[in-house]
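For clarity, chains are labelled A, B, C and D in written order, and residue numbers in each chain start from 1.
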Amino acid sequence: MNELPGNTKIGLEVHMQLNVGKLFCKCGSEGEAEKMGFTRKLHSSSGESGSQDISSVFEESRNRTFKYIIYSNSCLIEADEQPPTQINDRALKATLSMAMAFHSSILERISVMRKVVIDGSNTSGFQRTSLIAMGGTIKGDLAEAGITAISLEEDSCRKIEEEGNMVVYSLDRLGIPLIEISTSPDMKTAEEAISIAKEIGNRLRVMGLLKKGADAIRQDVNFSMGYGRVEIKGVSKLSAIRDILLNESERQQKLSEAMEAVMKRGGTEKLDFKDISSMFLGSNSKMIRKGLEEGKLIYATILKNFKGLLKANGYRVGREIADALKQVGIKGVIHYDELPAYGITVGDRDEISERMELKENDSFLMLILGRDELDIARFTIEERIRKLLSMDFSETRAVLEDNSTRYMRPLSGSSRMYPETDIPIIKVHEDLLQEASRNSPGSMEETIGRISEEYGISGQDAETIINDQKVMYLRELANKHNGKMISRLITQTVPEMEKKYGREMEWNTIVGIIKYCTENSLGRYSMEKGLHMLFSGIPMNEILSHKKLMPLSEDEIRKMMKTRGIDKNEGMSRTMDILTSSTEGVIDPSIVARLINTKKNKDSN
Amino acid sequence: MAESKKPEIGDLIEFTWEGQRFQGTLLSEDSVYSNIKLINGYNISIKLEDYKILERSITRTQEVKRDMKVLGKGKPISLITTGGTIVSRVDYKTGAVFPSLDMGELTSRFPYMEEKFSINRVDFSNILSENMEPDQWIQMAKLVDRELKRSEGVLISHGTDTMSYTASALSFMFEKQRGPIILVGSQRSSDRPSSDSYLNIEAAVGFSATDFGEVGIAMHHNSSDEKIDLIRGARSRKMHSTRRDAFKAIGEGPVGRFQDGLVNFIRPYIRRVEENTISTKLEKRVGMIYFYPGLSVEEMEKNLDGKRGVILIGTGLGHIAIKHLEAIKEKVKEGMKAVITTQCIFGTTNLDVYSTGRQMKGAGIMDCGNILPETAYVKMMYVLGNYDENRFPEMMRKNMRGEILEREEMGVFP
Amino acid sequence: MAESKKPEIGDLIEFTWEGQRFQGTLLSEDSVYSNIKLINGYNISIKLEDYKILERSITRTQEVKRDMKVLGKGKPISLITTGGTIVSRVDYKTGAVFPSLDMGELTSRFPYMEEKFSINRVDFSNILSENMEPDQWIQMAKLVDRELKRSEGVLISHGTDTMSYTASALSFMFEKQRGPIILVGSQRSSDRPSSDSYLNIEAAVGFSATDFGEVGIAMHHNSSDEKIDLIRGARSRKMHSTRRDAFKAIGEGPVGRFQDGLVNFIRPYIRRVEENTISTKLEKRVGMIYFYPGLSVEEMEKNLDGKRGVILIGTGLGHIAIKHLEAIKEKVKEGMKAVITTQCIFGTTNLDVYSTGRQMKGAGIMDCGNILPETAYVKMMYVLGNYDENRFPEMMRKNMRGEILEREEMGVFP
Amino acid sequence: MNELPGNTKIGLEVHMQLNVGKLFCKCGSEGEAEKMGFTRKLHSSSGESGSQDISSVFEESRNRTFKYIIYSNSCLIEADEQPPTQINDRALKATLSMAMAFHSSILERISVMRKVVIDGSNTSGFQRTSLIAMGGTIKGDLAEAGITAISLEEDSCRKIEEEGNMVVYSLDRLGIPLIEISTSPDMKTAEEAISIAKEIGNRLRVMGLLKKGADAIRQDVNFSMGYGRVEIKGVSKLSAIRDILLNESERQQKLSEAMEAVMKRGGTEKLDFKDISSMFLGSNSKMIRKGLEEGKLIYATILKNFKGLLKANGYRVGREIADALKQVGIKGVIHYDELPAYGITVGDRDEISERMELKENDSFLMLILGRDELDIARFTIEERIRKLLSMDFSETRAVLEDNSTRYMRPLSGSSRMYPETDIPIIKVHEDLLQEASRNSPGSMEETIGRISEEYGISGQDAETIINDQKVMYLRELANKHNGKMISRLITQTVPEMEKKYGREMEWNTIVGIIKYCTENSLGRYSMEKGLHMLFSGIPMNEILSHKKLMPLSEDEIRKMMKTRGIDKNEGMSRTMDILTSSTEGVIDPSIVARLINTKKNKDSN
């Protein structure tokens, strides 16, 4: 198949990580691992019911332990040991700006919600998310799409490793703000989807504040072709969208054919597991021997009317079942179509078939299971088959490296969303809207033009600043008069310092110093000195509390030159050295140059 | 159509906002804003102007849906429920938090429970712990007494804010007890998947089925969902406003620990006896006064007024400014009792070490070791309610329920 | 002979007791017993009947024998002395404890000190810390201001009982400061060889010669004589009545540490500036109210009476019983300020989490994060004394002197 | 010398450790080491002055660090982190009893004092001690002596090890009550002293409450023969007294002769140390090479007119100096009389003598010292010589293994004693005196007679109880009616249990159970059951809180026998087994026997 079916509908959810500290606490964007950690269990909550909750029930039945590694950019809030603080102002403003860019209607009052997720990726067992705006449109090169929602949510934990029943997460990413832009399913081809995704990505970049790292922009793709909506998570490269969607449409096509075949044969029946361990007491299969040694049993069940559909002729129902079982921690499923394999011979297969009294159209499944796992396995397989037979393949799937997808969990439904009671409703005030409006990103070209005009800087500098995700800072710091200086600081001074000191500083602190200088009318030399101190590792409060950033007046410099006995012949650079080592204040070299010249002139007079 | 009917809470409606059409459930309204749960799950708060009712809510009852009162077929345990975080549950539809403790859910989480226990639920009152009063302690004691007659242990789900006060009060009122009395709370409400209530309750049930003959509190040992401490009621104190491991056994360690389904006792404890002995007489004309620099003598006098006894929460070894002594001395002469405790929380009081202390003794103020201020308050109510006046100093200084540590070891201060 | 002269305090006498002859010094007398120090060093308390004066005491002055006011030839440091354990010394002859801080002794113990520092002693007042009042804080601030103009750092020896209050008060009154202001106390009086005062003072001198531009407390890190912590005044609290390591930086670690003669800073701090900025205006019509179950509305009202502001010390996240809200609301309407803090001491307040909190907000009570109750009290005096009424919420919530932690890390709760 | 000089005066101080828990806290007598510990420094206090304080000044100048190992029988009070609690009632009563035994006059009001000791053996830097009684006499076989004082004090820490500047102590012994009985210097011979010491020891034993262990009774011996009073610490065996005193009198004799010699030669002069390190740059002396490598220097000083007195002809002034230096942590002293030795040749010696310009009667001292140790060394030696020349040899000395003694410290003087302000004056009430009087120990024979009569027990049992230090417990527990039973418990039941369970329990707890039983009129079987439970490790509160010690009534036993269907033919022992396993209560076998017989009789009727 080289084309998507004609009834294809594609929608996008684009996520952007913001580089403005965390969403509901005062922690920074980056941190280092600490020695401590803690472990938690998560429980599905009652009060919910029905198939939507199946994922929670599954999760809990796995009884997993989650271990969290504490990072220096995490606090009691990430550890779920303290209620969240107020929402991050910068993050909210950025989201409002994005909403304006797409003419999405902004809610006057914002409610923060909790979306239940109990795979451990959130210490609380839920992700905080808030709907900021609805509606609007986005135009790409090839298509136009409606915006359904723009939300602001917390990023989840990074998964470090998974071993048996223990999953290890780190807390550094948890709570990083994510802007989520969801479109209507208005795209029909992969190319249209790519063009829309590109446009959204560009706007996000133009606005600035994008966090560094490969996964700072991630998209989920919603896909449907008549068998319900599949949400494909974690598409990081746009170029892969086409392959992913083609694979997915083929999967759904084959699956629907397989299910039709089953129905035609008269449908299937309830599973009936039999313990057939005794058949394998002398088996040569390593897999089976190992299972038996671990005290597990070998179960088999007929899959009525599934013959030839599990793994043959392009049908892959076996994998659908195995994927579902994997989600509840059960491996070791073997089916008829695979055999002979794993040391199980054709003879074995036929013996099983006989023992199970297989009819012509039937297939069978074998499971190597602990006795206590049987119920959950049965439930999982039956649920999966029921789902497939319903011809509604709606679910959440994850992208694999080969651009195929894997079953992840049911679609999370609205019933798992409820208000974050710890945070009062946020009122979006007029001044917030005005500020956001200033930063609302246009297209790249528009924005370059606007910025270079507004701050009197070159188009090239403007583009660098935009690409560097510093445009918000430029806006925060610069005005018509000092635009050039701020632009130079962003594009030259700071990168030079990063090089020189071999480290990067949080922009919050850089902005702090520059703001202090502009507010106190201190010039370029004070700013540079402040930044040097910052990069040297001197804490903010020290840099700002001393008078170290105050420039000396012409008089003071003159006096100092006199007491230091500086000769007109010392030369500019030596003079500067002497002066800077004699004072904690800031010396403007232009004043010194002027004074030397005056001195020379005087002397020569 | 829209003009004819006004939507009611719970109705599914269709409405227009900013030119777009939406569907959702009306959750609440004030004079301006309507709170609506959209079908995608988000709540929005908007001015509702143009709407159509699609479906009327059939029931909007927010009644507590509680299941059967007794569950399981093992050792009889009573579970007394009060308000507080531990029994809070959110209504996912409206987002409202309401009290609930579903026994079926409780036991289904721990499959062994139905085998091992027969849990009998009794609802005390849905009062939040910060609103509890001494009268409630007395009612609670009577209920516990009744339950302990038919059960092998009593479990009380309680808000954490004043859980230590209630635990102390029960400690004193129960002079002897037929079985464990275990208070359990939670610092994360049960509506969140990360709630500490599950493990706390599991442990509390475990503790309540031992021969522990005291009043204890079962809460997390540290931030991990691993160990639950059993803390002696009269030495317990909530020491953090938000953490799971907020409760500490001040100046001693926990008495017992629950881990991997098993109870282990770490320190000696009183074993249960055959019969309860209980006295619910509490003198309520007792107060607590927190001393601080700047507290005026007039204020001190106001707070002494009408009291049969006061707990002073002083500084250090138990000091207050000398200027207050005259007023106190006067009252003590008239029969009022004054006992000093310390704001330090950790460590003992001792009025023999400094001159201020000796002057305080002279004014009739007494110390009683390292009793916690809150426990001292409850104990004073109990002692004044049950003993002859002239036995007051003796009884206050006597370690009755583990509330006074005769020895303080080096390792128990953080 | 005996009949002619009555012995006076300090006299060496010979006397008969139980048929035996003894010699000793008369230390004190009451109507019945005489307290005599025998020549073998023991004190005895007997009825003195038959005696002979051997030697009249020449001077019995118990005046504080203080040595020179300035010692050493290095960096100028001022040492302001107040009362308290740290300056207590016993008179070995009489056994009486009296205040003393001998500069020569101080520096002779640490031979490097005379080289490194020039210590200038100023006596503030021999007041015990439990008797300190806000007025003394103001006087102290003025004295510190004066001293900081000629010294590079100021050291204040202080009783430990209310040392954190004084430290907080100085923190707020000093908006900017020219040098470190270090309070130092001791938990074992200087008259005992095991006193913690020696190391505490050595460390405090060390801290006072840095560029620390805040108010700090220098006390033992743990029970060993090894490390001294520098604790930010506004986050400090005395958490044990008797241990050397009683003072803790609640919710954060110490800012600095002194070990083996060297100062190390662990956390960021404000550096000293060129000039002091100080405001000694404090509103004194401010009070603290410790909430507890059983506190009556009448008592609450009495305590609100006449106040411009109150700090409520509530339970958990900052709760008090709902029944009190009406009275508070009434007062708030009349202009009174009400701020909630927590008895838990550790952890933040937050009135948004539970219904009680939201009702309290409705009554006009405000929270301000994890500020300590005692610090909140002092801060309220300062804010009401220096800022316009309508800036009150903003200023109370603003972290001015490190008193509010914006982040609380996992490792700082015991 | 085989006899002590005629003007000899000997006094005794006998100390007895009590087995009643600690004196000023609630900790027990025995404990186990814990993992934790802490370190402290001690400082001499000012306010004292004069030579008495020299020992404190020395101690502090050594700047030693004391490390304390926490024991399970120590609390904040031993750690000097909490003020002491009230005095141990039993300890006070025992001291009063002793005072009465010697007709010593008891003070109506007792003041607890602090005696400054800064060698680290007390965490507080002082020992708490209180004078309980004064006067009285003690008669031994050979002599009679006056009692000067009877005090009650805290024992000090056990020293574990000493390494460089670090001394390690354990906290288990600190705070154990010690009764101190001091006699007048009324004895003239070692034999007289031994007879008095024996008598005191006997009385202490007769009273009971003596703690177990070799050093439970220790004596210090005060000795004088005209050169001041020497206090000899730690004489644990009485038999050694004679040798110790002979050695000491010889030491003093020789020392006085040596000092007379110096005075005759015209006295001595101030020390004048010279750095003679350069003389040893190529030295073969290991000791010196090592010193130089460690950065130390070699100092030498003339000892004017000391020739031949340092170590020759029985004179040992060199050792006096070395001992004093050792007390301030200085080793490595070498003197003229020793050489050649330590790789220092006669040539070296003479070269030094020449360099130092030694006169005929002079000797010299060499020291291997750090530069900063010189002042303290000079001070120490000068002080020591001044002291010896004064012919007042008063000081505190310690016994060595060879029964010689070593300088320890100056006599602690009264100026280092001041009130324990944390403990109010203790009033000795009449009822306390009466109780003490009951326990006042007579001679062994008297006491055996009195006890056996009073409690109706055999003389042998009485003697065993006395020797076992249990007589106080007998008195606490027994009366005329149950004396035999209590005696059996003490002499048989408990020792049998100790054997059976292989452990010893604190007598406090044993007494607790027996008291509970006597108070509740529970008989022998209840007591035995209670003790069994105790030895099995069941905590006190459990033993006493349950009804496990309650005996069943005859009715109850009869009913039980019936429901258990016990046949008359079961036999006594099997019946007991069945019954005890059917109840938590206590069963009196005599009742069972009676019932079996009745049953038999009935049946046979």
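For this structure, a couple of remarks:
One rule holds in what follows: a contact is a pair of C-beta atoms (placed from the backbone, for glycine too) under 8 Å apart; a residue touches a chain by one contact, two chains touch by 3 or more.
Predicted, not measured: the structure shown is a model, and the values here were computed from it.
Minimum number of contact steps separating subunit A from subunit D: 2.
One finds 50 Å separating the Cα centroids of subunit B and subunit D. Rounded to whole angstrom, the centroid-to-centroid distance between subunit A and subunit B, based on C-alpha atoms, equals 40 Å.
For subunit B, the set of residues that touch two or more other chains comprises 97, 223, 242-243, 317, 347-348, 350, 410. Along subunit D, residues 38, 76, 79, 81-83, 421 each make contact with two or more other chains. Viewed as a network of touching protein chains, the structure does not reduce to a path, ring, star or complete graph. Taken in their complex, subunit A has these residues touching subunit C: 25-27, 34, 36, 38, 70, 74-76, 79, 81-83, 421-424, 539-542, 545-547. Interface residues of subunit D, counted against subunit C in their complex, comprise 38-48, 56, 65, 76, 79-83, 105, 107-111, 113-116, 118, 123-126, 129-131, 134-135, 149, 151, 413-419, 421, 425.
Those residues of subunit C whose C-beta lies close enough to touch subunit D in the complex are 17-20, 22, 33, 35, 37-47, 89-93, 95, 97, 100, 102, 105, 109, 187-188, 190-195, 198-199, 222-226, 242-244.
Subunit C contributes residues 176, 213, 268-271, 273-274, 317, 347-348, 350, 352-353, 406-411 to its touches with subunit A in the complex.
Contacts from subunit C toward subunit B in the complex involve residues 85, 128-134, 137, 160-162, 165, 223, 238-243, 245-246, 248, 284, 286-290, 292-295, 299, 302-303, 305, 313-323, 342-350, 354-356, 374, 377, 381, 410, 413-414.
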